[in-house]
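What follows is chain A paired twice: with chain B in the first complex and chain C in the second.
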Partner chain A sequence: MVRLRSVLYGGAALAVILLLWEGYKLVGSPQGWSVNEVRLLPRADDSSMPHVWTVAERFTQPEISAEGSSSVLVAVLRAAWFSFRISLAGWLGGVLVGVALAVLMQRFRTARDALLPYVVISQTVPLVAIAPVVVGWGGQLAVLGQPWQPWMSVAVISGYLAFFPVAVGMLRGLDSPGPAQIALMQAYAASWWQTLVRLRLPASVGHLVPALRLAAAASVIGTIVAEISTGTRGGIGRLIIEYAQAATGDPARPWTAIAGAAALGLVVAALVSALDLALARFNPAGA
Partner chain B sequence: MTDQSVAAVSLTGVDKTFDAGRAGAVTALSGIDLAVAPGEFVSLIGPSGCGKSTLMRLVADLERPSAGTISVFGKSAHQARLDQDYGIAFQAAGLLPWRSVRANVELPLQVHGMGRAGRAARADELLELVGLAEFAGHRPDQLSGGMQQRVAIARALAERPRLLLMDEPFGALDEMTRERMQGELVRLSTQTGCAVIFVTHSIPEAVYLSDRVVVMSPRPGRISAVVPIELSDRNEDTREEPGFFAAVTAVREALRARASVELS
Partner chain C sequence: MSPRSRISLGAALAALALTACTTTSGGVTDTAGPEGGPVPVKLQLQWFTQAQFAGYYAAVEQGYYADAGLDVTILEGGTDIVPQTVLAQGQADFAIAWVPKALASREQGAGITDVAQVFQRSGTRQVSFKDRNITTAADLKGKKVGNWGFGNEFELFAGMTKAGIDPGKDVTLVQQQFDMQALLNGDIDAAQAMNYNEYAQVLEAVNPDTGKLYTPDDFSTISWEDEGTAMYQDAIWANTEKLSSDAAYQDTTVKFVEASLRGWAYCRDEAEACRDIVVAKGSKLGASHQLWQMNEVNRLIWPAEGGAGMIDQAAWDQTVSIAQDTRNAEGQTVLTKAPEGEAFTNEYVSQALENLKDDGVDVTGESYSPETVTLAEGGA
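On to the complex of A and B.
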């Protein structure tokens, strides 16, 4: 029943956002609101903030006026699907690397001392700085005899953002068993591997699930930003830029791409929730 | 099958010093000599910090002694741990919350590679023994503190150990539950014939359970007296017998004698 309620709350939150949008359009000034030339509130006119229903209608219309052009909905869905697959690849890679790093850091004190600072520092490097590096290195690699694809660079950057919460959360989870539980495994003369499998891994699920959620959000954002900064075509990131360039003549169109990106985030969040349910057995307290 | 001439546990001249970092070294135990016979029930009693837990952890090979020798059934403590010669229980039941009661009891057997069917049969037998058969499928958090501790005891008995090490296992229980658990423990130890080293803060508990009560004193942790308890039988009325009160008084005086030496 928790699920039904969160779906209801999620729907209510969406309705509130749409109402606020329309509400602001009703009361807000078309010129926005500025103090000393600094605009503090956005313009409420139809070209800056098209009506919700205008945007919805725009989805059903052809993308461009050319003959045989598919509808905006199809274009957005296609781009979102492209980005979704990259996000999934980035997320999976990030989770694998994050878990592996956490296990390594739990096992070896020296690995923890050596790696943990870099794990933290890695996240302070701006995406726009690593994007060209990844593209440059990738261009010299071949994976299983196949040349490096642009989407692979995007997935790597997405994974780069996703591994961090997993590594940190998983390490905390692996460290979470109390001294009595550790002593118990020692008393059983359990090997490191047995202690990992029987105690530390199941104990870490409560910490892992929120980390997987953060990683999912990071991988989606990473994918969209990386698509833009590497100039990769086909995804929702690129579509946002393309549609934004058409904003003057077609103000509703950029919002369709943005709505698509938001929907992508929601779908990914829902998938992680499903994973959460699957792992609930290990997590009696609930994450 | 057990050689009655070999002590279950034997400590000779055991010292334990902890390196406490900048604070220097802490001498937790000094000059400990103690032998526990097979099937014997020995309690360790004394004020906090006198090294009771440390002594038990040394026997369990969870700590190494700084000096002296420890043997368990004639082997090194290390070998005894590898051979699963002892079962252990702590004040915190330490059940794994994601496992059912049965799976918790199975944990040591699973670690030691016993097959699924054998594990389940043994776990059911043990849960029967501690009176929790109908809770096998429950989660630990659905059980009361006393029931959780019974699960922990069942788990400690899983490998049919000849020695049980218990560190204040009833410390967190209310008085009534505690007395009931003491009765059960006496029954279990007689039934299984295993030796027990039992750490406690409670004088009546030590007296009720033990063949001998080892009184310890702090700074450094030493054995200051060993009080033999001569009660014919343990049952509901034992706690009201004159012999019981006499033994309680004897232990209390042994503890106090040591305390007055400290003050003078």
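On to the complex of A and C.
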């Protein structure tokens, strides 16, 4: 029942967005609205904001005029699937690294003092600076005898963004049991490992779930931006740039790829919600 | 297990994970190549697959590289991939880059040498609607002038400076996007455009007044070749150190340049076949756009009076002097001093041209005449 309602609300929100888009096109000035050359409202003309149905129609048309060219919809879906798999790899890697770091920092005070500042600083380094470095290093690596693939660079960058919320959230979760609970474990003469498995890990779920959501969003954004940055072929990020190049004569085309990227974000968010339900049994309080 | 043994287990796992990643020998070729097999070569492009690089794709598809004993892998560019840096770091054997940008990287320490000047002419234009009456650099005064920045703007700035305009005061500079909509909707009076790409995009757009595509008659273009501030653009760059010390790499360089020029000669004579090669390689730009691009790129290469790829000292000097003397919007020049060491050499391209002539390949293209390409809406 709850799920049906959320699907309905989600659909309604999409309808509202589309109505706002078309509504602005109706009332907005084709020239937009500027104060002292600073544009405050966008242009509403067809080349800046194509009609929703023009974009929808563009999905059904062939991507390029060459023979055997697939429709834009197929191209966008294929690219979104490619980016989804990279995001998943980046997310999994980021979660593993984040959890490992959190456990390490919880266990050793020294590790916490030494690592935590760098975990925070890592997120202030701009992605455009990391991307060429990762590609550069990746080009010289081989994993288990297999040469480095371009998508791996993208997954690494995606994971680089995803590990941060997990590391910080998980650490908070591991720290969350109160003194009484810790004292009880000590009274049982429980080892560090037993305390971790029986007390700290279950206690961390409430903090982990929101962190996993943030990590999922970060991994999708990381994947799309890294694809643009490194020019990795096949994904939705690169498709956005390639379609944007054609925007002058075909203004609806970039919007198809942007819609694909948005859909990818929604799908990932839905999957994390499903994960949330699966983890709920560890977290009866529903934090 | 005690906590201590668990920790050592973790350390062992981490060590295992690290050893799973092994470095390959220098990333790219040992120039000798495997016994008797073709020499692996990596070529780094500046951007995605498009007709701007058709000659190299044609050389792969037509087997010119394979015939020369090379196994060439073409690496596409991206927004943050700097080809000359990739080359200098040893992750590619050759790179395609604009001369001024590559010289700037060189000044920062990249050990690279221009071994073939594939584009003999500059493809950069400044495009405006005809009714704005902007036909020379001097007409830009007081106008909203679009430019891409990031080192792509120096011909424009040199042109304005030469015409007595202070780019910092006398014009309004506007940062341009990937597309040309700002020109069409009037946000920019004169927009920067490559004749093989952005100019075509404008001609693929529908004019709302007529319901038909815009035509060249609707626009004025300023060519920096005509204004005398053109700079050298796409060139093949090689690793300077390996050129001076590695005989096998020298040999590979001659072969690579030779087969690449053979590819470009093929694309001159078979523009449509090369368009098809590029489209088949997955370019998302439409077929008519790619044919236009192929044709315009051919015009930048052919005719080549001294032979394709030859570096002309006068044109090189003009590029360097503009790079040293022209200040951009931030007051910076591309270069702070004249390039040191071997910034360019005609040694390898001369050998390549000799070999091609012996094979009966037309390397000057004196009789070349461009086609007339009809663009379709959206470049389809």
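Throughout what follows, the second predicted complex is superposed on the first by the 285 of 287 C-alpha atoms of A that agree within 3 Å, B and C clash if a C-alpha of one lies under 4 Å from a C-alpha of the other, contacts with A are read in each partner's own complex, and residues count from 1 in each chain.
Here is the rule we use: a residue touches a chain if its C-beta (ideal position, glycine included) is under 8 Å from a C-beta of that chain, and two chains touch if they have at least 3 such contacts.
Quantities reported herein were computed from a predicted structural model and do not represent experimental measurements.
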| item | value |
| --- | --- |
| First, second, both or neither for A:Gly178, with chain B first and chain C second | first |
| Which superposed partner A:Ala270 touches (first chain B, second chain C, both, neither) | neither |
| Contacts of A:Arg281 with chain B and chain C, given as first, second, both or neither | first |
| Which partner reaches more residues of chain A (counting touched residues only), chain B or chain C | C |
| Touching partner for A:Ala189 - first (chain B), second (chain C), both, neither | first |
| Contacts of A:Arg43 with chain B and chain C, given as first, second, both or neither | second |
| Chain B versus chain C as contact partner of A:Arg198, first or second or both or neither | first |
| Residue ranges of chain C touching chain A (in the complex, touch as defined) | 1, 3, 6, 20-24, 26-27, 47-48, 76-82, 85-86, 89, 91, 177-181, 184-185, 197-198, 201-202, 204-206, 276, 279-280, 282-289, 376-380 |
| Interface residues, chain B side, partner chain A - complex | 57, 60, 62, 81-82, 84, 86, 88, 90-92, 94, 96-98, 107-108, 110-112, 139, 141 |
| Chain B-facing residues of chain A, complex | 178, 180-181, 183-190, 194, 198-199, 202-203, 205, 281-285 |
| Chain C contact footprint on chain A (complex, rising order) | 31, 43, 45, 47-48, 63-66, 128, 131-132, 135-136, 139-145, 147, 191-193, 228-233, 238-239, 241-251, 253 |
